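Here chain A shows up in two complexes: once beside chain B, once beside chain C.
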Partner chain A sequence: MKVKREFFRNLKELPTEELLAPGSPMCAGCGGLITLRLVLKVLGPNVVVVNAAGCLTMLAAYPYSPLRASWLYTTMGSAPAGAQGVRDALDVLIARGRLPASEDLRVVVLAGDGSTLDIGLSSMSGAIHRGLDFHYICYDNEAFGNTGFQGSSSSPFGSRTATSPAGTTQHKKDLFALWLAHRPPYAATVSAADPVDLAEKVRRSMQFRGPKLFVGLATCPPGWGIDPAQGHHVGKLALDTGIWPLKEAVHGEVRHTYVPDHLKPVEDYLQTQARFHHLFSPQRHDDILATIQNEVIGYWNEVRHREFPQTLLGELSRADLR
Partner chain B sequence: MLRVRFHGRGGHGVKTASRILGSAAFCTGLQVQDSPVYGAERRGAAIAAFTRIDKQVIQERGLVLDPDLILVADETLFTDPGAALLAGVEFASVVFINSARDRVLLATEYGIPCPVVTLDLSTLTTDVVGRGASFSATLGTAACALAGITDRSVVSQAVQKELESLHLTPELIAKNVNAASQVLDHLSAVSIRERPQGHTASPIHPPIHLLGPEGTPVIYAPGNSARRHTGSWRVFRPEIDLNACTRCGICFAECPDAAIHLNEKAFPVVDYDNCKGCLICETECPVHCISEQKEVRT
Partner chain C sequence: MTTGLETGCALLTGNATAAWAARLADVDYVPAFPITPQTEIIESLAAWSSGGEIPARVVNLDSEHSMITAAGAAAATGCRAFTATSSQGLLYAMEALYTVAGWRVPFVLVNVSRGLAAPITLEPDHNDILAARDSGCIQIHAETCQEVLDSILMGYRIAEDPRVRLPVIVNMDGFYLSFTREPVALPDPARVRAFLPAFDPGAVAFRASRPIAQGVGALGGPLYTHFRHQAHLAARNALTVHEEVATAFELEFGRSYDVIERYQMDDAEYVLVMAGSFATKAKAAIHTLRARGRRVGLLRLRLIRPWPAEAIRRELAGRRAAAVIDQNISPGLGGILFQEVAATMISSQSRPGVMRSFVGGLGGKDISPGEFMHVVDVLENSGPDEPTEPELLYTEADWSQIHPLLVIAQTPDRHSNEEAAP
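Now for the complex of A and B:
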């Protein structure tokens, strides 16, 4: 089940203008890069990107940049603070008549999950709390990908990272819930595997003033251990197994923008990636697999209760997986 | 001291190759040091790694700018000035290139002043280990052979140990050990030129601190990365059969690099100068009108 869309109904309606040139140093098949490319298409050319250190800071490696927009590089912990400075500077210049209002820019923070949930958490929280008028784009590859895939607090339970060779024992932090606790006007989860849903959400967010927060699942061929050609396929499996829910919250009111009619078993997703191979070989870890599966079923049962109380969507169980 | 420098692209396994050489030398009782260049490494981007081997404790540090051996995993890197493959080549005794081409031709084409040794590791690795496998075991073994470490049990042990630390499956490790053994069949030790008395590594230059616009790199040309031509990263090229194409736009929407654009009739066109060959377009094309062709460069 998909929700009705106002701005983009199909792929053909996506803007054809490219605001991200080819030739960046990102890995072939980078899920973070495709997310950024789609986001920028909708936001348009008048943006300034404030980039926290991470994989995507390598976008602009002197003397080359793939961005047609302005770009500023900050430390891993301070991109939202940098965005505040840029926003304030623009506001001051416009107020004093030193910059025509027509040259105003949208301020966009671009940060990975390590910056967002670990190193830059307080800076991000502060900027949202102050009501900074900006977009926040978190590309979530579920680890510190740039430095060799060390675990972050976004690494999913059971996944292998450079710092958890036998699988993480912690559970992934819920960034969306963390954002909602700050009461932003707009927050959403997106995936490049559903470009129309992503574009629609970015476009919807542009009508709000204040923090507009996005987290996109960024498939990572080297870190996740997938063939670059499979990136989009793995991203779709994350949606169809229910592991990566697509949702948005407008002034705190949550709705899911894609509710799978039938969930696929999480194993369909996990088995595509080397970072989960140890759960299947040399022997199966049924306990860990059951924990991951039950967490997903529990999540969607809660969604059904909350968002679709009047429908015939009954309680999900393992027997409903297909 | 023997100083070895490896060049390749992210994913080729040059860092692990430098470690395999280091481990093998260590197992024969020598002092070793190995390190990769840390920074912008990416799958497909130029990467270097270094191994130093000596009978004494190694005090030298940093990049190897005066290599005895240079090993190149991908000859297309010669055309990338940033990769600096031939930095310090005047010290080198041999340059090894993973290539099926004639070694004299390669030396002429790339202006290599010292002897060139070649072996087609790409074909060997693909045949023995499988498509998409990294060259870490075969390249590392090539370095061992050239450096005179030819004891099969030592090399196998080094390959085994380094690949185990990367959590490869036992089957994959066995294939790599097999491929490494075949490299030893083809390569032998080279004689390393003596260094002049009192040779030391290049001195360390203290950094110069500049303030403001002088000290901060600034790029004024938006979107100029298209001039980097990342198409050289590609192993397989996507070919679109426009007769079968339905203009659905999926390949255009899903290309991470914006290397596919739509022409005036909304047909997709691949920018081969920049397509990195991820082949998401081939996987996702609903009518299967995109096929992959092995990239051939001359």
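Now for the complex of A and C:
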């Protein structure tokens, strides 16, 4: 089930203009890069991207930038503060009559999950708390990808990283919930595997002043251990197994924008990636697999209960998985 | 507080003076984060901003790291930014400080010096500001409240000069200056505007009509070296620009500044080298010593970055002896500025025969007249071949003050034999 869309009904309606040129130094199949490309298509060219240290930092390496947008690299832990400085400066210059409003820009933070949920958490929290008018794009590849895939607090339970070779024992921090606790006007989870949903949300968000979150699951071929050509397929499986829910919150009101009628077993997703191989080989870890599966079922039962109480959607159980 | 005062002479604390300087500089943007003893600066600006007395936007950030990032980002967008911090705050911001200096953006940061933890303390020394020594920021060390005001106004001219384009840190000593009222001449705003027109960022600012990338990566040693060396040359340019700005400042306001200050230097055989407001204590001691016929002078360092090597070489050449009194300590080495002064003089044929290193005034500990006399005695009685081990300035009175505390805490008395007792 998909929600009704106001701006983009299908792929053909997405802007054809490319604001991110090909030829960047990103890995083949980088989900973060596709996410950025789609976001920029909708936001348009009048954007300044304020970047935190991470994989996408290498987009702009002297003297080249593949972006039509402006760019400011800050540090790993203070991109939201950089966005604050740029936004405030544009506001002050326009208010004091030193800059025509036509020179204004949308301010976009571009950060990975490690910057977002670990080193830059307080800077991000501060910017949301201050009501900064900006878009926050978190490309979530669920580890510190640029340094060789060490665990971050976004690494999912059971996943292997360079610093958790036997599998991550903690559970992934919930960035979406963390944002909602700050009461922003808009927050969304997105996936490059559903570009129309992503574009629709970016377009919807543009009517709100204040902090706006976009956290996109970013397939990471070298870190996840997948073939770059399989990126879209794996991203789609994350949606169909219910592991990566697509949702948005407008002024705190949460709704899911894609509710799978039937969930695929999480194993279908996990088995595609080397970072989960140890759960299947040399022997199966049924306890860990059950924990992951039960978390997903529990999540979606709560969604059905909260968002669709009047429908005939009954409680999911493991028998419903297809 | 002095709200409502427009111009003239006022009795102001160092902190109030810094706030007034930012107001007179017509700053656009003040990202802020509180820390003792600096907080009064941002409180004053926040009060003026919220009362509509100044057009600047004052925003509380979540840390000094964020605060310096925001100040740099605003400057990179074409705003005149001002901010202030102290001590731990400056260290917390250190990564951002190097970053914004690398962006080559101009703004003024006031650091109100305070000793560093641990142990945590409140009163001043210069380990905080000297930790930022290699950040690429220009450093001006003020002795008086008037110099705080003047250095901030001059600081914007230097920072914004296309030959420099670097952040400027104006340093004052916590408590001794931050909370001490002195008479300060507040210049007429119209004359400040004439001296310091609105910041023109040129083509380097974020605009819809002209996308640019700032702060981009520079991969490979040769390219990285190029940009680092450019920052070095820009900092060196600040020596020339300071001279030009000081000339313009004197023409406009009648007060004159050099990269160093000379006090009783003309015939001085023995020279004390210092920075900051404790130089005032040295001047008082020199006054007494001069009355006793001892030819002592003071060389006060105002610019510490860029390092005024030529002026130091010129001023110390031909003197009998020089003592650098460092209000900082690099554990395992001694005083930091002594190293730089000594390195500056090493190639001079006419360098002082004796150069000695003293460490004093840590965490705001007084440097008493007796301690200055002791320093001069040491200079007079030292030969050129004697070892130049740094000496800690610490008195019997200091010792008897802390000894009971050590007894209460049952702290083993390990260091008493190293203390100098003039």
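As a working rule, the second predicted complex is superposed on the first by the 322 of 322 C-alpha atoms of A that agree within 3 Å, B and C clash if a C-alpha of one lies under 4 Å from a C-alpha of the other, contacts with A are read in each partner's own complex, and residues count from 1 in each chain.
Here is the rule we go by: contacts are C-beta pairs under 8 Å (C-beta built on N, C-alpha and C of every residue); 3 or more make two chains touch, one makes a residue touch a chain.
From a predicted model like this one, the values you see are computed outputs, not experimental measurements.
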{"item": "Which superposed partner A:192 touches (first chain B, second chain C, both, neither)", "value": "first"}
{"item": "Which of chain B and chain C A:97 touches, first, second, both or neither", "value": "neither"}
{"item": "Touched partner set for A:230, first chain B, second chain C, both or neither", "value": "first"}
{"item": "Partner chain(s) touched by A:62 [first = chain B, second = chain C, both, neither]", "value": "both"}
{"item": "Touching partner for A:28 - first (chain B), second (chain C), both, neither", "value": "first"}
{"item": "Contacts on chain A seen with chain B and repeated with chain C across the two complexes", "value": "58, 60-62, 65, 67-69"}
{"item": "Contacting residues of chain A [partner chain C, same complex]", "value": "45-46, 48, 50, 57-58, 60-62, 65, 67-75, 77-78, 80-86, 88-93, 95-96, 98-99, 102-105, 122-123, 125-127, 129-130"}
{"item": "Partner chain A, residues of chain C touching it in the complex", "value": "28-29, 31, 55-57, 59-63, 65-67, 69-79, 81, 95-96, 99, 198, 206-209, 211-219, 223"}
{"item": "Of chain B, residues touching chain A in the complex", "value": "10-11, 40, 42-45, 132, 167, 169, 217, 219, 221-230, 233-234, 248-250, 253-259, 261-262, 266, 271, 273-280, 282-284"}
{"item": "In the complex with chain B, residue positions of chain A that touch it", "value": "11-12, 14, 16, 18, 20-31, 33-34, 37-38, 58, 60-69, 160, 165, 192, 195, 221-222, 227-233, 277-278, 281"}
